[in-house]
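Below is one structure, written out as structure tokens, with a few remarks after it.
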């Protein structure tokens, strides 16, 4: 592989990948899951091609400052050729901007914020995960079918605010009414106030526009307050793991959600993927495993095609590239040139009845797929993104 | 520490004195505040009432957490920054008991406080004890370090992901006045009230607290009049820590647990104590309820103001998070030692 | 400090009706005294008579409930402590109040510096270490502290600490010096030394000194006049002979005293 | 009956020995004072009896009411009939007068009641709810005595009760001591620098010099022999 | 003791023991020299000890921040738990100006950031500077939270809310390739580390001069005994306010450097945890000396970079803060005032005395 700090773009059959993920802090488990997925991808790729792949990990914590320092360190010190990772969008964006300035190809595997492929898009930053808008539109349609009027509780930060607007638009487009939008601080410990307001709005359902631990808490309190008997619910971003702690009974009341991918979506070779994750790591695969796998898979393939690790060469390969997943989903996906967003299906899922859930041996398939939206149908148009994409 | 530190003696008198002694600016401000509250109640009476009741219940949770902290602060003069971590640890012990060992919630209610209490005892005996009589800031910093260690240890053991466990029978919602309140919340409120009463009777009304205060001021002399002091210190720290643990069990059952929940709460609870007046037992109770209701009612009030004035920007979304701090700044500017604070305490 | 002694000059300090209440308790009640600007005045009275409180009121440490303090003809009743200090009011405390972690030299130097630069100076770039060093050295010499120049104040013996307190007060170039029990905690010899030092200081520097003291040998030995406080009230003021003879004072304060003790 | 028997007491701080074979007997109802120069070991003796640490006892024994208390834990001694008025008063500054006294009452099995204790000190009665830190020196001294008295001791150890007090208050303290002794039959073990006062109240004096008991006599005898004072007490 | 000509060894011993005092001007030279040496050596030190030389500029910046912070804690005795608002606030000001008006505007942004920090600090200080220790600490947290709230709520789309600002922050004349950030002056290129290091040396030296000035010496009296300070005629309130402002401005300077070097800013810079970090650095290093916080910042980075990258301890390395917490606790128990720097000095002293014979 390349020696420390050379970054000369020469490719000699070995690829050094940097995994810049939160291994500590609130998102540590998500970062861990992405790395697990990535490890599987490396196994597969080494088998498929005659390449030698090395992965160096670095902990970004939940701090853009640390993230930038780590990706810089991996680049100058460990001599990585390409990088992926990042959960919280502020960290991912900071790293993506850094990568773009420093000629390093980087895939922000797990940040959903629109800004990542919008106003904060970067020349050498791509995003595997579905964007906020993609999720919101998918969710909006399913939610509109689930209930006619909604009160939306959103986490009061960039992601939550944009998701709120997107969901509102999607709901209204699909004939549902948004009665009230209620803010709750990011990292709130208590949603009673918001739930009270949702209840008093008279809406038929409560929309959950939060992420991570916030989702867990809001769902838990929704159940505890007995609101579940009066109002339906649904949400915009499901990462299965955050709901595991509610237990099957609780989750059965969780209504419809959008997700990047979930263990219930076992099309293509995903069944095998779920099985492998369970065998290797003893846990149920969920979106993060998938994103980690896909990010590494795509990076390596681009390098192999380009026979170069130079960011610009990789960009030539990736931009506008159509591909069919090997080892994952069916169908064709694309790297959109204008904003570096991965054009991919986004799913709406619905909680099963507790009796219908698969819940054994660490396998937790608690949702069922209701719709699969094709990427192009739910993405923002290139114009809408606000990405100033004159890459050359 | 003054004599009436813990007893709320004469606080009614003091309230009256405060109101009469206030200057006109403050009087006008309080008047406006009152009018604003009335306006809100008029604009959306149902929501206001619901939020008010929920706020009180939430305030009771704050009181529950603040209680142990306030007890140790008021009697021993130790600013226990690790209290939040104890609280969080209580939740994790309950998780281990309920979710990992499969025992009933009631077992966790007993085991977790005891475990956390014992941890507190260890910290008191081997670390804090060396700092008695030095500047209070040392205790604050020491426990700050302990909090960091405890949080890391919990992350190492249980991971960073949010976890949850079942609270058995308390999961069902209970109707309360104008609203439904989660059963676990009602239970927490009851436990909170009982704790306040118990602590009051046990410590404030008996001479237990007296001995502790004497012991902090002059340990040798306290032993010389026949007091077995180390045992009492340890016992007090046990009670204070166990209360944090108990609060953690209840809180965890309600909202789930994660390693960051301690630091999330500790600042808020400090605000409660400062608003109530440091070292004042009643202050923390009043401060907790005040902050709790303010956090719930303030957004509704802003909303009411925004709708009646037609100025939508007045409705500051997410303002709830800064409400406690704004309350604290306002209270402290008007009353430098909080609502019931004693002059000279920890200054 | 070069004005010649002038016995019947303007009083440097005038208190009028000075009263201090702590809640219900009246620590001082309607105390009016004048101190001439070259006088050596003692204040005596039983414990709890209000002596220290009186000092605190004069220095501005405690706000007075009623009454006024005039210093050098100026009404300073509502001035903060530092303002009075800058005007020339020096104070040594009953309990040892020092900058304990600084050297003896720095303790005195910084006090001298403050006298020079005023209550506030945004002089951030000149060098402080030798600023007013001469003055500090001089004072240390004067109070037999030169040997301890580089000792941290907290490591001084009790008696040396008391002298350092006086040195700090003197470094502020006061025109009126308040000393609260300067000899307490000193052995008999040191007490005697300190007493004569106080007298010398007054003569040399030509300043007014007010001291609180329980040690009658000191009080009777060096004072020009003595003021007696009892239970917060002013009982008598007069020269040592008058006070010794005053029956009320005998009753209230000296009464319990054996001849032997008065001579000690 | 001999109430306090100190027998061949050796004690010290750290590695240094301060007391060498100190023996003192105090009869019931007696006022005995221990006199000596600064640093002679007076307070050390008293602290050994009261159970304060440091110093630690190296050898010898202390008996009170016939019971050997040499190794008894500090906090248990108050209940063996010992009341202690320490050097520098040591009242709890943050507690009120009544709270200070209550601390002693709470921790002894057979205390006096509050009213009775306060009746000896009318001045304290007026200040009941005042924090001790806000008391003047004399008031604090009275409080320290009242506190020791409240535990209803058989013997009261008083370490320099007149220190730092105005002459007039010294007289008050003297009065309280004699009253307690006469009316309550309280045994008192007194350490004083103020020899005049000690001579006024004591039945007997012990003289200590460099940690050793060097003489023992009555006040009248002491009056006749001024050279003893010169020898053991002058600076 | 008889006077004899002292050997070099003895001179050295005396110097270490502090019984020789160096003349004032030489002290200045010494300090500038030491700071410059530190700055020159830091890339190497970071490379060797932390395994990554690129972190050197961040280390220096945090050192400056800690020293500025310690002006309050160590010298004036005020514990601010909200100092992140000045560091992060300045970063935001610079970022917003550059982002909105173009990178060239950095020349305007820097003075603006410093001035705003000073102004805000002045306002806050006037309100709270006389509150008791604990109240002061909590009030600074409160103001910090308010600043955080403002940044997080993305007023006018200026702050980017939770995402922060990460683009458009490359200053003019600066270029970046694969981690190398260079300043170009014509054809002459220099790693950005060196300008940062130069600012660090100058700013830290200025702080040193402040500490040694009559102003700085007066601050010590306030910390040690506020009542006595007032009794000798010090207007403690005005000193405290001014110190708060100075400390804020230098903290803001650290923020300015940070945003130039890292080219991103996010709300995490405004968290009270960031304020907590600088408190910990300062205490661990030792608040009683000028060098203490510098040492503390160094230890913190050593922990963050070395421990967290130390593969030998496996998964444990993700919990390196546990180790730092432990160190923190140890310091509080051993010597909360002199901290790690004090311990280091004492052990050097001990070793020197042992080696050259004790006295």
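We call the chains A, B, C, D and E, going by the order they appear; numbering starts again at 1 in every chain.
Rule of thumb we're sticking to: a contact is a pair of C-beta atoms (placed from the backbone, for glycine too) under 8 Å apart; a residue touches a chain by one contact, two chains touch by 3 or more.
Only a predicted model underlies this, so the values are computations on that prediction, with no experimental measurement involved.
Touch-path distance (fewest steps) from chain B to chain E is 1. The chains that touch chain C as well as chain D do not exist here; no chain meets both. Simply put, of B-D and A-B, more C-beta pairs touch at A-B. Centroid to centroid, with C-alpha atoms defining each point, chain B and chain C lie 47 Å apart. Distance between chain A and chain D, defined via averaged C-alpha coordinates, is recorded as 78 Å. Between the Cα centres of chain C and chain E there is a gap of 43 Å. Centre-to-centre spacing of chain D and chain E amounts to 55 Å, using the average Cα coordinate of each chain. Residues of chain D in contact with two or more other chains: none.
Annotation for chain C: no residues touch 2 or more other chains. Looking at chain A, residues 24, 28, 156 sit in touch with two or more other chains.
Shown are all chain pairs that touch, namely A-B, A-E, B-D, B-E, C-D, C-E. The part of chain A that touches chain B in the complex is made up of residues 24-29, 156, 183-185, 187-190, 192-193, 196-197, 199-200, 212-213, 216-217, 220-221, 223-227, 241-242, 245-247. On the side of chain A, the complex with chain E involves touching residues 5, 7, 23-24, 28, 58-59, 62-66, 68-69, 72-73, 75-77, 89-91, 93-94, 96-98, 101-104, 113, 115, 119-120, 122, 156-159, 161, 186. The residues of chain B lying in touch with chain D in their complex are 1-3, 5, 207, 210-211, 213-214, 217-218, 220-229. Listing the residues of chain D that touch chain C in their complex gives 38, 127, 130, 134-139, 164-172, 174, 194, 196, 235. Per the touch definition, chain B reaches chain A in the complex via residues 44, 46-47, 50-51, 54-55, 57-58, 155, 159-166, 171-173, 179-185, 254-256, 258, 260-261, 264-265, 295-296, 299-300, 317-318, 320-321.
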